[in-house]
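Shown below is the structure under consideration.
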Amino acid sequence: MPELIFRLDSTKKFTDQEKIGHNRWHPDIPPVATVKPGQSFRVDCREWFDGAMHNDDSAEDIRDAPLSVVHALSGPFRVEGAEPGDLLMVDILDMGPIPQEDSGPLAGQGWGYTGIFAKKNGGGFLTDQFPDAYKAIWDFQGQTATSRHIPGVSFTGIMHPGLAGTAPSAKLLAKWHEREGRLRATDPDRVPPLALPPEPKDAILGSLTGTEFDRVAAEGARTAPPRENGGNQDIKNFTKGSRVFYPVFVPGANFSIGDLHFSQGDGEITFCGAIEMSGFVDLHVDVIKGGMETYGVAENTIFMPGNVAPQYSQWLAFSGMSVTLDGEQRYLDSQLAYQRACLHAIDYLTKFGYQPEQAYLLLGSAPIEGRLSGVVDIPNSCATVYLPTEIFDFDVRPSARGPVRIDPGMGAPKASFG
Amino acid sequence: MPELIFRLDSTKKFTDQEKIGHNRWHPDIPPVATVKPGQSFRVDCREWFDGAMHNDDSAEDIRDAPLSVVHALSGPFRVEGAEPGDLLMVDILDMGPIPQEDSGPLAGQGWGYTGIFAKKNGGGFLTDQFPDAYKAIWDFQGQTATSRHIPGVSFTGIMHPGLAGTAPSAKLLAKWHEREGRLRATDPDRVPPLALPPEPKDAILGSLTGTEFDRVAAEGARTAPPRENGGNQDIKNFTKGSRVFYPVFVPGANFSIGDLHFSQGDGEITFCGAIEMSGFVDLHVDVIKGGMETYGVAENTIFMPGNVAPQYSQWLAFSGMSVTLDGEQRYLDSQLAYQRACLHAIDYLTKFGYQPEQAYLLLGSAPIEGRLSGVVDIPNSCATVYLPTEIFDFDVRPSARGPVRIDPGMGAPKASFG
Amino acid sequence: MPELIFRLDSTKKFTDQEKIGHNRWHPDIPPVATVKPGQSFRVDCREWFDGAMHNDDSAEDIRDAPLSVVHALSGPFRVEGAEPGDLLMVDILDMGPIPQEDSGPLAGQGWGYTGIFAKKNGGGFLTDQFPDAYKAIWDFQGQTATSRHIPGVSFTGIMHPGLAGTAPSAKLLAKWHEREGRLRATDPDRVPPLALPPEPKDAILGSLTGTEFDRVAAEGARTAPPRENGGNQDIKNFTKGSRVFYPVFVPGANFSIGDLHFSQGDGEITFCGAIEMSGFVDLHVDVIKGGMETYGVAENTIFMPGNVAPQYSQWLAFSGMSVTLDGEQRYLDSQLAYQRACLHAIDYLTKFGYQPEQAYLLLGSAPIEGRLSGVVDIPNSCATVYLPTEIFDFDVRPSARGPVRIDPGMGAPKASFG
Amino acid sequence: MPELIFRLDSTKKFTDQEKIGHNRWHPDIPPVATVKPGQSFRVDCREWFDGAMHNDDSAEDIRDAPLSVVHALSGPFRVEGAEPGDLLMVDILDMGPIPQEDSGPLAGQGWGYTGIFAKKNGGGFLTDQFPDAYKAIWDFQGQTATSRHIPGVSFTGIMHPGLAGTAPSAKLLAKWHEREGRLRATDPDRVPPLALPPEPKDAILGSLTGTEFDRVAAEGARTAPPRENGGNQDIKNFTKGSRVFYPVFVPGANFSIGDLHFSQGDGEITFCGAIEMSGFVDLHVDVIKGGMETYGVAENTIFMPGNVAPQYSQWLAFSGMSVTLDGEQRYLDSQLAYQRACLHAIDYLTKFGYQPEQAYLLLGSAPIEGRLSGVVDIPNSCATVYLPTEIFDFDVRPSARGPVRIDPGMGAPKASFG
């Protein structure tokens, strides 16, 4: 394995490690290490809630998720010679759950979790239909995941980091605050909120202390959304062997990474979300000088997925369109169309015996594909969601025989009203 | 080949054929033929504009597109025994351009077209950035497409019908009019419009005549959008070997199909759109009695894609998020995020020498993938668009060497101001 | 479709057509047509036995197969400017069963056949274990094949021409006769024979007549084997979209093609063999001048398979090694190892209720993969055969539950002793 | 990670470890550990030559390969309750090079090797054409391999164990000796030998000592070939996620595993062979009681490959037939046909500037596919070898432009005459 430059001890909190990562974006968070272009290195990563979620049959932890602590990120890593205007080229050489630790209380020690956030504390893609907190625990065996809370399925995880990115410049950070603040101001009391303002509480900022800590904590951007620097893109296709190009906004690039997922469906629809875990990632970095201008990549990432993602060849797919459940016609709204497609898939799976919540959790975790099939056919967008039929241990295809009924078992644990 | 039950003579207009199809949705359009469950049959299909687009180096035809004539649909085909509440199971056995006709003036005779509609007449996914009309002609060689208007690319088409569906019931039709009317009323003068009202002009309604024709023409729903009956879903994955399940709303199901595409990217982003062509489709139909309730499929389609779609293994992908080009933050808007992803891809391709319009037309035509990567990470959706690198005859990947420059040739024809 | 330059009327014998093909290799068979480099064209092809096999439930036709009439080849096609030393580049644009003919007495009219030759008349890969003649009829529905003689399976055919090649020079022809004659001489009375000598009986030689016919009939090489010119390679991966490079040995290249297969497993193990059919193939040809020396391709073909072959992702595989059924150890014999792998697969399938002959016929027809897994580990070669599990409509995987038992139905017809 | 039940210290010889493995097959080698059906566990594995090969630019180590020490196997592992007649079901959960060790003198510490054995000491698939010893060192970066000795290529390794199997019964062992002895007797002085007799020298037999060691050392079967128990199958498709079923011949099954490969082409044609490495493998075992009879699996393995093997979509393939380089016609000899196909591929690659030995080493290491394309077309078998074009960093396809010429660099080190 390449040199481990950011080590995490599974028995300690994220803030008690020898090197402290961060959970806010800010140009002034000092790098924890420096790497050279052409260098390979290993980074340990902590699951996004730093151990607040447990391997049990309760969803209270999901209900009470401490949202201000996310995401526990490893870094920043300074890349020698990288300067604003360059492209940072990051190869994801390898990644996985915590090496050599097969059991234990921390997600990534042989297990991971998927949750449905309560509408009052986080929400999610289908929060109006699923306002309560639920959880499913997944057990890892090699690259395969199974869950005692969702029987009848078994799949090869499509492992990837949910979050990675370069540090924003001060100017970019200000731009984020300005535009997100304007959005928030349109409905400041919304639950769940439209966007998250800076939150000094629970901020982790590497080696910063004192007034500098307080300043950065007050200014740091939350890590929830994807932004120009990459960020929480949750692109399930950042698998082993992928190459990602990030714009560089500050000297040294100051790259950070975390939020590892054992598996995830397109969209991470339950928000809490993928199969969350702690683990490691091996990276190789290089720099394309002046690459932002050369390739026209200024406020986005570009990437080439790896070639060892799990292969499936038979899919069952569901279409959805941009009409609300109440029958209101929306104009070319692919977000809504995908919600409808996912709800149709959930309805379908309940005919085989699943709880709706089990189906929802499954769509968030398994390597499902979500496609923008039609985006111009006024007034309806058409989105589609594809389930690999091979992940079910029964025949999930429609036929004249009708659906088999599985035993849903204990079901996904639900939190009592909090 | 299976029995040809709907024949089109390429030398004649759609309305001068022995059997007349239709271009509006209405329960009272009489079936042109009856098929039995378990039967296979062939259907000829006319390109959606019934020959208005030409194999030339001008885009005037696109600029002046007669929108009221679309879509020229083959059918309806009555399926014996199908009743409301059933699921109609349609296998797409085979399809292709017009058989035995390799050249000629009709799209599908060895060639097809992609257009960018003018904003004033149709618009499209990126109409604010591309308000003018453009066209590209594609030549077919086996399953491969190349264009004299877009050099440097060659790809295997992912052939599929853009539009297929069952007839709506009177009740469903009324529901469409009500909800789409309400949307239209919010901005009735918008260009392009939010939705299309019934349009008696150019209506084609099979064998209907007289007052019945007039009534149905006044009531018939336009075919532009996908709806509960399937419709213009533009799902590029309805390839040969696919099985699609449609809800049945009227006795006999009254299934129609058309708008064949030689190839298309996810979203059909240029609206005019895919590589459009006339051709044939071989179908097999069957019925699952009571399947709508049994499988919970009441207002959408479900399907299993075929296993002979073109395979690519190396992709170059672009992310986009839900911030407008003007910097306005939108809340979890995947439609916008995909627009931004596509615009990023276009920007990138121009660095290799392409006109922006060539790049836009390419994204509409080639088998690109559009994915809903992140839909919960407030406030930004993350959408991604994947280009298969193998379709380019130069190295399209980013590297320290910088992009090669191709010769864009004559470029895509642009219409003069109409 | 491209210009049809070799037309076959399905109601007439191969020798009664307007243009006559051939069934022997010889440099002096006159071309039936001339094409230019860069030209696309269509060629009709007759099934290899010219209609001797019937769509019925008897295997007498297989038992009595008129081996001297094979293979009915379309061509030769002269390519302008091609000269010895060049490489002929052939693109397989499209192919399929007889277009527009869905039923009828000729294989390719909606159906095809697979046979097991009797040991006394043809033999096959496992002829010692399967000495009698059997047959299975396959019905085509789009690209899918099913058989009333082999229940429980359905698969997408991997269509390809079994035989294609350039004409040999006189020198090359002499070389073939010399080396095959020497082999034959080692066991001249073997049944089945080691190799086939020239056979004037039933020779078809295009437009040749009289003494020239007699000379060429006496000299022409049989078409059974693959040789330096390509020939009967039976490479199942010559699918649509493939590009094949053939050495050119005579001026004009004189390219011929035929023996179309709706599907075939690696090895075409039953010899009669694939799913045999008549049909069409669309070709595009070009020439690389001096390519034989430039690329070192002098006595073989090279090729790039197309990208629309049927995709499967789950396989059940069987290994075999080079020990005979009698327990004799052979030295690194992959031919034997593959025989043993296939026999193991057959044994396995019989546990699910299949006749051994049904299993054998299935392995010859379905898109199975045969791999040379180990070829150096003295003294045993290891060959492996892969069955796509998705072609079975029951669960064919081993488990603690044991195999399900299918009803083998009427079974594969067996010929009475001939 | 699952419990490590067989640990190897990279700084010590295979015989100096806490638990000692073995390098011969014999029923009386005592198990090193016992596992339960349903259990997962980790096993360290030593590269087959126990560290005799070095990361340098010399091939003397290959020339002097100590053949009597192979293969260093981990095990035997006794499986509780497994009995003769059962099938042992082994899931390969994960595997890789030595964890946490990125550099060092032992293959598997960030690097691996491929060698061409000298004809006098080992030989190989093309030993008549390549009689001298050569070596190539491969560097690992994540799942990617590159070599300073073979420029211009980079590929994702298809990792797998080359050797795994159950212990033979005494009866089976006797059968092996008898049949291999008979073969050897037909040409006892052949170089390389036809088969390998028992070899007490360098035998490693776990915890055995004294006279029992001597007896078993004299009786133990060499591990070179695949046999009824699995053994050295070198099936490159035993990738992560694969499930393999082995016949059980002794109580407890006594399963052993080793000879890990970072990558390998079908056939392992250079014999020394794949990219050889030390590493780890995570296994899960279960038992199908009576499975040998139930499924007809008595003298072979059956398996289901995993779904995360590297994906390529564009291949360049070469055919070969069963005529020797001297022009002698052999009868349906797929071993020879594959040799010819590989030689054709090597000839082709030399036109791009490679040494023949570089090309040969590449074919042994990269994930090439070898197929038994035609095995019945008397007298010629047709074998084909497929190279993924994407592994080359130049365009390796044939075209009218002719081949680019790469710089072969230092070339593959060659051993002086030993």
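Labels A, B, C and D are assigned to the chains in the order they are written; within every chain, residues are numbered from 1.
Throughout what follows, contacts are C-beta pairs under 8 Å (C-beta built on N, C-alpha and C of every residue); 3 or more make two chains touch, one makes a residue touch a chain.
Which protein is which chain? UniProt says A, B, C, D = Formamidase.
Just so it is clear, the structure is predicted and the values come from calculations on it, not from any experiment.
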Discussion item. Measuring between Cα centroids, which chain is at the maximum distance from chain D?
Written reply: B
Worksheet, complete the sentence: More Cb-Cb contact pairs, comparing C-D against B-D, go to C-D
Discussion item. As a quick test, compute the distance in whole Å between the mean CA positions of chain A and chain D.
Written reply: 39
Discussion item. From the mean C-alpha coordinate of chain B to that of chain D, what's the distance rounded to whole Å?
Written reply: 51
Discussion item. Can you compute the centre-to-centre distance for chain C and chain D, using the mean CA position of each chain? Integer Å is fine.
Written reply: 32
Worksheet, complete the sentence: Multi-partner residues in chain D (2 or more other chains touched) are 307, 311-314
Worksheet, complete the sentence: chain C residues touching chain B in their complex are 1-3, 40, 91-94, 99-102, 141-144, 156, 240-241, 282, 284, 306-312
Worksheet item: In their shared complex, at which residues does chain C touch chain D?
Response: 87, 89, 123-125, 175, 179-180, 182-183, 192-196, 224-227, 230, 232-237, 245, 266-271, 273, 286, 288-289, 291, 294-297, 300-305, 307, 313-321, 323, 327-335, 338, 340-341, 344, 347-348, 350-351, 369-384, 386, 389, 397-400, 402-403
Discussion item. Taking the touch rule as given, give the residues of chain A at its contact with chain C in the complex, in rising order.
Written reply: 311-314, 390
